[in-house]
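Below are two complexes that have chain A in common, paired first with chain B and then with chain C.
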Partner chain A sequence: MANIAAQRIKREFKEVIKSEEVAKCAIRVELLNDCYTELRGEIAGPPDTPYEGGTFVLDIKVPETYPFNPPKVKFLTKIWHPNISSVTGAICLDILKDQWAAAMTLRTVLLSLQALLSAAEPDDPQDAVVAKQYKENNEMFQITARHWTNVYAGGPNVNKDCDDKIKTLADMGVEEHQARVALSSYDWELQRATEQLFS
Partner chain B sequence: MAESTRTSTFRGRTVSNSESGCSMTHVKSANNREQNINSQPTISHSRYSRVCRYFLRGSCTRVECQFSHELPVTTTIRHSPIRNSNGRRITKNYNNGHNMPSTSSQSTSNEALISSNCEASVSLNSNSENNTINNSRCEETDINPEAASPILESDWVNAPEFVPSQPKQKSYAQAVNPLDSADYIQYSEQRLCPYVTKDGCCRYPPGECSNLHGELCDMCGKAVMHPFNEELRKKHNQECIKQHEKDMELSFALARSKEKSCGVCFEVIMEKAIGEQRFGILPNCNHCFCLTCIRKWRQARQFENKIIRACPECRITSDFVCPSMYWVDTKEDKDKLIDDYKKALSKKDCKYFKKGSGKCPFGNKCFYLHAFPNGRVCDVGPPPRQRRRRNFDHADFEVLQHVILWDFLDDRAQPWQSLADDLEDLVSFFSDSDDSDWSEYDLFYD
Partner chain C sequence: MGDEAKNSSTTTEDVPQLNQDELIMAQQRQIEKEISESIPLVGELESILLLEHEYSNDTVYQEKVRNLSLKYSSIRRTRPDGNCFFRAFSFAYIERLLDKKEEFKAFYQKAEKSKDVLVELGFQQFTVEDFYDTYLDVLKRVGDIENTEEAKAELYTLFNDQGYSDYMVVYLRLLTSGQLQKEKDFYSCFIEGHRTVEDFCHQEVEPMYKESDHIHIIAACAALGTGVRVIYMDRGTGKAVTEHDLPEGCIPSVHLLYRPGHYDILYPV
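Let's look at the complex of A and B:
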């Protein structure tokens, strides 16, 4: 069984490497071990989204029952997205759960994730806070997501305001990421974030 | 008149006048024959040089035939109808048992013939029982030239053989074919040498084989064409064409299957291990899978029925998977394949129905055969509606056991179509029906 999984990953690997998306640096897969069970994926943030310019690293674990069961995928790169946990990187995507199909591949999974970045599903959230912001204060969501992309995924858009606020909190002895999460959760209102952090 | 016409057809060595009622054997006498021969040619050859065609064929209906009724090559032993000087035909009529030479052939005038003949008849038959009959006949038929050429009983061995004067007229077919039709028929029934037919060479030295050696068939290259039997040739040719068509179909099927890879395991199906080189054809879409993978996918109970019964590529739901050795491109091919598959299944006993002793949950929608031991097919009606149940009760477990057993007991070694282990297909087939009860049923097969 594991043999089928390994065989298939091997073949998929070739497919991904040859694919157009790789040529455009949109997706990438690399092996972490020799038995084809652990892989590292990379997707580029889709254009015209707050994730543009960022590179998001994914942890892919191929089950023995692959391809009859989906691979277990999560974001290693911190990301601000309604369907991705800002804490764990867990993804809420139907095809990685009950809508999996045996004909899907690593490539299609990565492309689906890329699509997910451009089209979030706030009604089926993984991260409730992000989803709430996405729905209620989308402008702030855009800012936050762009900031996170800049900080964690190497995105080009530096947001001076956000950086300053984080620095303020850091000066108070708050860990930088913790400060960023608190500020992001409270629409970058320094006071409320501070209250939450020190309550 | 009628008599003479009829008797002219007798060209045999002994001509018996059965109507005369004479029961005695009539044997020609040698000296009488001589007489006949000596007397006739002069008449016939001088006046009628051309031979009557009808006579040659065996019957001339004309009494006053102006052509010779003499065979062109006179053999001394042939007795033919002869003519007297009046051109009247004179046939030999051995009408009495006294072996008396008739004088009819020698007489030159009709009157003389009649009178002498009648006199002879009267005189000769005076002792015989049927003389009145003969007499009356003689009188009735104004001209009844009866030539008797009695042959001695002891001389029958030397009696002339009947030899056809000319070969029979040939048909075009015979003319085209060098062999006589009789030979032809005889040869055409002769067997072909099995060694040549099988291996291409005979185990006997040339010319010593008692069987016929077939000619090479253009199509299969084997020496199997019967040289004389057209029917067998045609038959073989048709077989060859049929075989050729089959081969062509197969090679086309191979060609279109060769490169196909499974959408699940990504392997080229024809390059998989022996026994796994089978396609699982979905009726409702054209995506290609190997049978093993698509079946496994359809048994992946961790997903909803809707998911696993859908094509893994396009998500179009199919009710069952049809196993096939080759990939099918066209709709016709596919329809035929599926039709054949269902037909094959319908000949196999349903293992739920158990020849009447069990109950098939699929009712008359089951692909398998519902028949009693005596062969009577039974319509079990539509499948019963399954109650919605969350817990497996005893009955369900029983069904489940059968299912599992069935899966393991089934012979999967069939090379062309595995007629068994389509349970999941059946299950899924029904779970597709409008009442969702069937999908509940599905869950029992986890």
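Let's look at the complex of A and C:
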């Protein structure tokens, strides 16, 4: 069985390499070991979303039973999105679970993830905090997601207000990422974030 | 849909929580593995009367098995992994065609053209090809053997090789999905819930281990151009088992025994 998985990945690998999305720098895959079981993927944040301009790195593990079971994929780049855990990078996407079909490929997975960045499904969330913000304060969600893209994924949009608030907390001795998480979770209200951090 | 367990990771904690979905999937895989180690993908031919042993304390079923044995002499079990219909159907149909060289040839020619039909329907050439090649390879390998009994033995061997066997299942799933989409106006009437035929295919037909319903069977039969007789055996009253020909009025080439949740292959007397 392992043999089938490896053969299949080899063919898929070629497919991704010569796909037009690679030409457009939208997706990328590279091998981490010789037996085709661990790969690193990359997707570009789609235009007209808070993820625009960012590059998101994915950890891809191919099970022995591939392509009959889906690859295990998670985000290595930290991201603020209702269907992706801001803590672990775990993804809630049907095709990576019970809707996986053997006729799908790494390319379909990467393109589906890119589509997920364009169209979140807040009613089927992976990260409850993000999903709540997405539904109840979408403007704040956009700001937060763009800020995370800037900090973690190399996106171009610097948000001085966010940076300043994080710096304020950092000056109080709070670790930067922890400060960002607290502020993000409390709609960037410095006081509530501070209360939570020091409670 | 992954809605059984939500991992609402609170972002305010630093401790990564265990992903519930993944735990459930891992457990499911473990169960599947345990089943798969105990039952062959496609079993050996057994006498139908052996079924009686399964129901030694159950007179309703015993009666039905005896009734069944008037029409069927043997049974071949398949692994209950959600693929049983597709695996049983394709094994039994190919096995039967091996007895009729002319029909087999016609079937092979039709199979050769099937990839183009799928690609035309929008399936990705690259993935379809993978399964198509194996599907044709299996047909060719058994078709090339002159002696029918040897050909059947080879078919049995190939269907118990997980790689080949699962590829056969996937390709029949794709053909079934293609058939449903080709005739979607007709099939859309039989789909429950507010789903399109395409959604249904993506959710219930193409994924491995998804169980089959009437609609799968009818579409699979149409895709291969044949018919199936399904014998239903459950705890319902009456001594007889219920028969169903799909599509209605067909001359069935394959006989399947259905017990709630599972299909096995039957061989007429």
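Assume the second predicted complex is superposed on the first by the 199 of 199 C-alpha atoms of A that agree within 3 Å, B and C clash if a C-alpha of one lies under 4 Å from a C-alpha of the other, contacts with A are read in each partner's own complex, and residues count from 1 in each chain.
Assume a contact is a pair of C-beta atoms (placed from the backbone, for glycine too) under 8 Å apart; a residue touches a chain by one contact, two chains touch by 3 or more.
This is a predicted model, so every value here is computed, not measured.
S.K.: Determine, for the superposed arrangement built on chain A, whether chain B and chain C clash or fit.
M.R.: Chain B/chain C on chain A - steric clash.
S.K.: Kindly classify A:V129 by the partners it touches after superposition: chain B alone (first), chain C alone (second), both, or neither?
M.R.: The answer is second: A:V129 touches chain C but not chain B.
S.K.: Taking the superposition on A as described, I'd like to know which of chain B and chain C A:C35 touches: first, second, both or neither.
M.R.: After superposition on chain A, A:C35 lies in contact with neither partner.
S.K.: Return first, second, both or neither, reflecting whether A:Q196 touches chain B, chain C, both chains, or no partner chain.
M.R.: Once the two structures are laid over each other on A, A:Q196 reaches chain C alone.
S.K.: Which partner does A:I17 reach: the first (chain B), the second (chain C), both, or neither?
M.R.: neither
S.K.: Looking only at contacts as defined up top, I'd like to know whether chain B or chain C touches more of chain A.
M.R.: Touching more residues of chain A than the other partner does is C.
S.K.: Which partner chains sit in contact with A:V181 here, chain B, chain C, both or neither? Use first/second/both/neither.
M.R.: So A:V181 only meets chain C here.
S.K.: Classify the contacts of A:V158 with the two partner chains as first (chain B alone), second (chain C alone), both, or neither.
M.R.: A:V158: touches no partner chain.
S.K.: Which of the two partners, first being chain B and second being chain C, lies in contact with A:D94: first, second, both, or neither?
M.R.: Second partner only, chain C.
S.K.: For chain C, which of the listed stretches 8-16, 26-34, 152-160 or 188-196 runs into chain B?
M.R.: Only one listed stretch clashes with chain B, namely 152-160.
S.K.: Need the overlap of the two footprints on chain A, from chain B and from chain C, as residue ranges.
M.R.: 4, 8, 11-12, 68-69, 98-104
S.K.: Looking at the complex, which residues from chain A come into contact with chain B?
M.R.: On the chain A side, the touching residues are 4, 7-8, 11-12, 67-69, 98-104.
S.K.: Any idea which chain A residues touch chain C in the complex?
M.R.: 1, 3-4, 8, 11-12, 15, 65, 68-69, 72, 85-88, 90, 92, 94, 97-105, 108, 124-130, 178, 181-182, 184-185, 196
S.K.: Going by the contact rule set out above, which residues of chain C touch chain A in the complex?
M.R.: 1-3, 6-14, 16-17, 19, 21-22, 25, 29, 123-124, 126-128, 130-131, 162-163, 166, 170, 173-174, 202-203, 206-208
S.K.: Can you list the residues on chain B that touch chain A in the complex?
M.R.: 263-267, 287, 293, 296-297, 300, 302-304, 307, 310-313, 315
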